[in-house]
Amino acid sequence: MSIDELADMVRNLLAEYVVNVEVGKDLVHVEVKEENVIEAAKRMKEAGFDHVKDVTAIDYPKEGIIKIIYHLSSYSKKELSRYVVGLGYSIPRDKNSVPSLYGVWTSADFQEREVYEGFGIVFEGHPDLRPLLLAPTVAELKPLRKDFIVKEEPIFKK
Amino acid sequence: MSARISGISGKVGFNDLKQLPGFWTRKLGKDLYEVFIGPQHPGSGHMRIIIRVDGDVIVEADPDMGYVHRTMEKLGEGREWIKGIPLYERMAIHDACNVTLPYVEAVEKLLGIEPPLRAKYLRVLLCEINRIAAFLYGFGIFGVFVGHSTMYMWPFGDREVWVELADWLTGARLTHSYPIFGGVRRDAPEGFTDSLRKAIRYMRKRLEEYRKIYVDNPVIRARLEDVGVIPRNLAIELGITGPNLRASGVEYDVRYNAPYEVYDELDFEIPVFQEGDSLARVWQRVEEIKQSLHILEQVADWLDKHKGEQIMHDRFWKTAPPLYKKVFQETGRVKLVPVFALLKVPKGKAYARAETARGEISYYVESNGANKPYRVRIVSASARNAIVFKYILPGHRVMDLPTIYGSIDYFPPEGDR
Amino acid sequence: MPPKPVPKTKPKRGIFHKFKGNLEAIIVGVKYFFDPERFTLVYPKEYTKLREGYRGFIVLIKDKCIHCASCARICPASAMKMIRIPQKDPKTGKTKMVMWPVINYQRCIFCGMCVDVCPTEALYHVPYHDVVYENLAEMDIDLESFTKPPEYKTAKEGIPVRYVIDEEKGLVKVPYKEGEEK
Amino acid sequence: MNWIELIIKIIIWPPLWQLIVLGLIVPLVVVIGILWFERKTAARVQRRFGPLHVSPQLGGALQLIADLMRYAFQEVIIPKTVDKGVFLLAPLTALVLSIVPLVAVPFTSVARWWPIPMDYSVLISLALSTVSAIFIVLASWASNNKFSIIGGMRESYMITAYEIAIIISILSTAAMTLSYNFVDVVNAQEGWKWFAVLNPLAFLAAFIGVLMATSGFPFEIPESENEVVAGPYTEYSGLLYGVNMGAAYIKRFVYSVLITLAFFGGWLPYHPGTGFLSGYLYPSIIVVVKATILMAIFSFLRAVYGRYRLDQALDFAWKILFPLALFGLGLGILEAYLGLI
């Protein structure tokens, strides 16, 4: 299955939920609306996307949104496993609670905890939402957002 | 490292701390005994597993990672593209080529370049050397977990053979920083493939001795057989990866499902064990070492046939001054054009994965056209395998914890990133 | 030929497995007890002579440096830094600031990118890493000591050896003689 | 009788000699040698050198003396939460009680040089050998540490498992000779009729039982460092830890002596005379050498095996070892009945 066929398949599969489908490098990115994400996820799982490779969030301070992406693939169907499908949705930056997809994919368990600690986004419905890697005091600072700046040194020595 | 954190300000009192979610205490059931395995514990590595036991049986396990977390994703955002390579390889230094390769590939996808064929073979060469070394490292740790001190020393000693080869090829024992955008940094030196073939034959002989003293040792078999069984459907549901997944009967290997570099041109098998217990996971690794040796033989033959070919993409090599070519002719060292330091990568998103020794590592790379990545999301194999502890440990005995931990081959620095 | 998945099962346990397994394990143990085939390096008495091309400590050749700062720009650990030193131009007689690289070995990760990126080969690796500094401040070296190879202080009285890969014993130590490569 | 003779007489007075020399000094020397051998054996099998830098000419043998000195001068840390009296006394008691079985063990056939002349030395020494393990459990309980208590519980499970096997299998030799006296057991093995050959089942049961009793591989379960840090000894440091370890090794030495007497013909083929040298010293040296070789075999297994799980070890002990010991007893009785002894 080529990447365009995969994109078409996903577009047909999520028909009414799709906001935008973008084909990247070895990656099909599907944008849905936040309120539809659980339904979309269930449909994706039925279609054979049986595990989450990673859950990530990207902060866009200029647009004022945060994108949350679930990268999906399949272990049980070989034809789906060639490329990765990103199921994403955007939320405003000041919103901090989104539905958890733990109920759909158990493999999202630790990944959602990681997004929670990095961005301060609470996944409603996650049974055990605690920071995974960071100390709680550091997780409070939402370090993966773009307004947390890590300064690099200049190349000149003082 | 050179980064300074800005943002932490003021003191945080204990009462403030108690409000934080990480300090939520969870109720301990009646008649349960809570044992903290780690982080300063000989059987845990740099992580903690909080287990609650009822008698000798674990009823709840909570892996507590993050003791060696190095904020690689955040640091990567603030640095130029090329600086990511030495940074990310530090998550698993004995598997350095495998863990950085997908990053290099993702950036190459965004740049729209493809390395020359010889560079691809050299990457595969180092990847497989690293894979064998990392498996041996895992065996060593597993040996000490089961109390088998010989199996601790032997693989660490034999790993030295592969580390020595990698050192000869790249100039560094562990942190090779070998693959680079558009190619690799050094060509295989004279006489390298002969030594490689010797090492392959030596390793085949040693695997038989490992079998005798360890894998087929009745004591070890008793410890491993039917312990930590991950059934096929649970393995898929938990999204675990690597040899652990294949030992549960799932035919999934990135080298097979989404081939990268030259893996689709090489002849090798993907062993898939059906049982899913700790012993199957050990056998899985033994078989994978055999396949890696088989791959290395083919790569050595190919490299001998195609000597002196270019190993850097034209984009970075055509404009190189004569001195660069002279150095390459004399020492096999690829000099980098200064543009690497300030490389601008076109806007876009790319996803790249590779099969490391412990499983699949995936990089989601997003660029906004600047000389630094906009976002790099790394999910390493150990980070995905850590979930096993939470879902598989309950129901086992306390003494099964090291066995399962070792057979999963969890490597905390890789999991914490 | 592409890779193919092959289903496998772990070897079955026969009736005499326990007996045979114990016996095999003990025989292998006894074999190595009598013929240990060690490859330990007894460090101060012998030390490894590393190969040319080993990424060891870095030295600057001052005459070749063109002050381009590529090395400082590419350094992933911010170990290589540029300093400005006033220098007299022999033609015009004017004093101007010239950039020179210096390195901080507290930070250096020996990735060798500075050496590879240098357009004039003004930097090179020395093939050893056994260098002793007496305090941390000393590791942040200045331009003068950056142009000299660091002093090889440890294991001076030992014999240099080199590991060679052997088919039977894995690694074999062979004494290294000067001028003999490979 | 002048005072020199008096002192010599006191020194070679069998009960004192047996406890001080054969119970403390000889085991210390043997244990140091065995520890060195254990480390060197493991090192050889594992393709390395082992201890070497302290005294390279002696193969690093003085490393053990250096370690001993380190233990002796290390600070003994007593945590606040422990039960102090029991915490301090338990290892010392375990050490003393692990030597005590030797008061009943004859090292010679000459009655004058028996520590306590009696006809029930097999029974008494076996009974005394089982006491010291209780104090390891006590030490773990007094430590008030989770890992200690888990280790102590494992130890207590193991005690119940190995004791019966050892006792029955050594008693089978008593059944073979129809006597509870070790001297009769040894004398019956005259002419290289070692009971290890005549009754291999009982010997195997005793051998494995001793492995379990002394936490030898593959039964190093109570102290298994990857789960429970150091098991019962987690909170101990310095000299007290050394005492604990010493007690374990002295226990192994005492058991090895018992096995030597019961299955390896004790001081045979030497026939003791009547004097101190020929009647006591030489036979005891032979016994100690045989016991040391046995201990060396125990040590070698460390290089080959990992450790069993607790429930597997108990399973093994009750389902295989215990019947094996019983069969050994039966075989012994049968051989005695058929007059093979």
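Just so it is clear, A, B, C and D label the chains in written order, and each chain counts residues from 1 on its own.
Here is the rule we use: a residue touches a chain if its C-beta (ideal position, glycine included) is under 8 Å from a C-beta of that chain, and two chains touch if they have at least 3 such contacts.
This is a predicted model, so every value here is computed, not measured.
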| item | value |
| --- | --- |
| Which of C-D and B-D has more C-beta contact pairs | B-D |
| Chain at maximum distance from subunit B, centres defined as averaged CA atoms | D |
| Centre-to-centre distance between subunit D and subunit A (centres being mean Cα positions), rounded to whole Å | 62 |
| Distance from the mean Cα position of subunit D to that of subunit C, given in whole angstrom | 49 |
| Subunit A-subunit C separation of Cα centroids, rounded to whole Å | 40 |
| Set of subunit A residues in contact with two or more other chains | 152-153 |
| Residues within subunit D bordering two or more other chains | 45-48, 303-305 |
| In subunit B, residues with contacts to at least two other chains | 2, 79, 150, 157, 213-214, 217, 251 |
| Pairwise touch network: line, ring, star, complete, or other | other |
| Touching chain combinations (by label order) | A-B, A-C, B-C, B-D, C-D |
| Contacting residues of subunit B [partner subunit C, same complex] | 1-2, 79-80, 82-83, 85-87, 150, 157-158, 160-161, 164-165, 167-168, 171-172, 175, 177, 185-186, 189-191, 195, 198-199, 201-202, 205-206, 209, 212-214, 216-218, 221, 249, 251, 253, 255-256, 259, 263-275, 279-280, 283, 287, 321, 323, 327, 331-338, 340-342 |
| Subunit A contact footprint on subunit B (complex, rising order) | 2-8, 12, 17, 20-24, 65-66, 69, 71, 73-75, 77-79, 106, 109-110, 235-239, 245, 250-252, 257-258, 348-353, 360, 362, 364, 366, 374-375, 377, 379, 383-384, 386-387, 390-391, 416-417 |
| Residue numbers on subunit D that touch subunit C, as the complex places them | 41, 43-49, 52, 300, 303-305 |
| Contact footprint of subunit B on subunit A as seen in their complex | 22, 24-27, 29, 50-54, 56, 58, 69, 71, 75-76, 78, 81-84, 86, 105-107, 109-111, 118, 129-141, 143-144, 148-153 |
| Subunit B-touching residues of subunit C, taken from the complex the two chains share | 1-11, 13, 17-18, 21-22, 24-25, 27-29, 39, 51-55, 68, 70, 73-74, 76-78, 107, 109-113, 116-121, 125, 163-171, 182 |
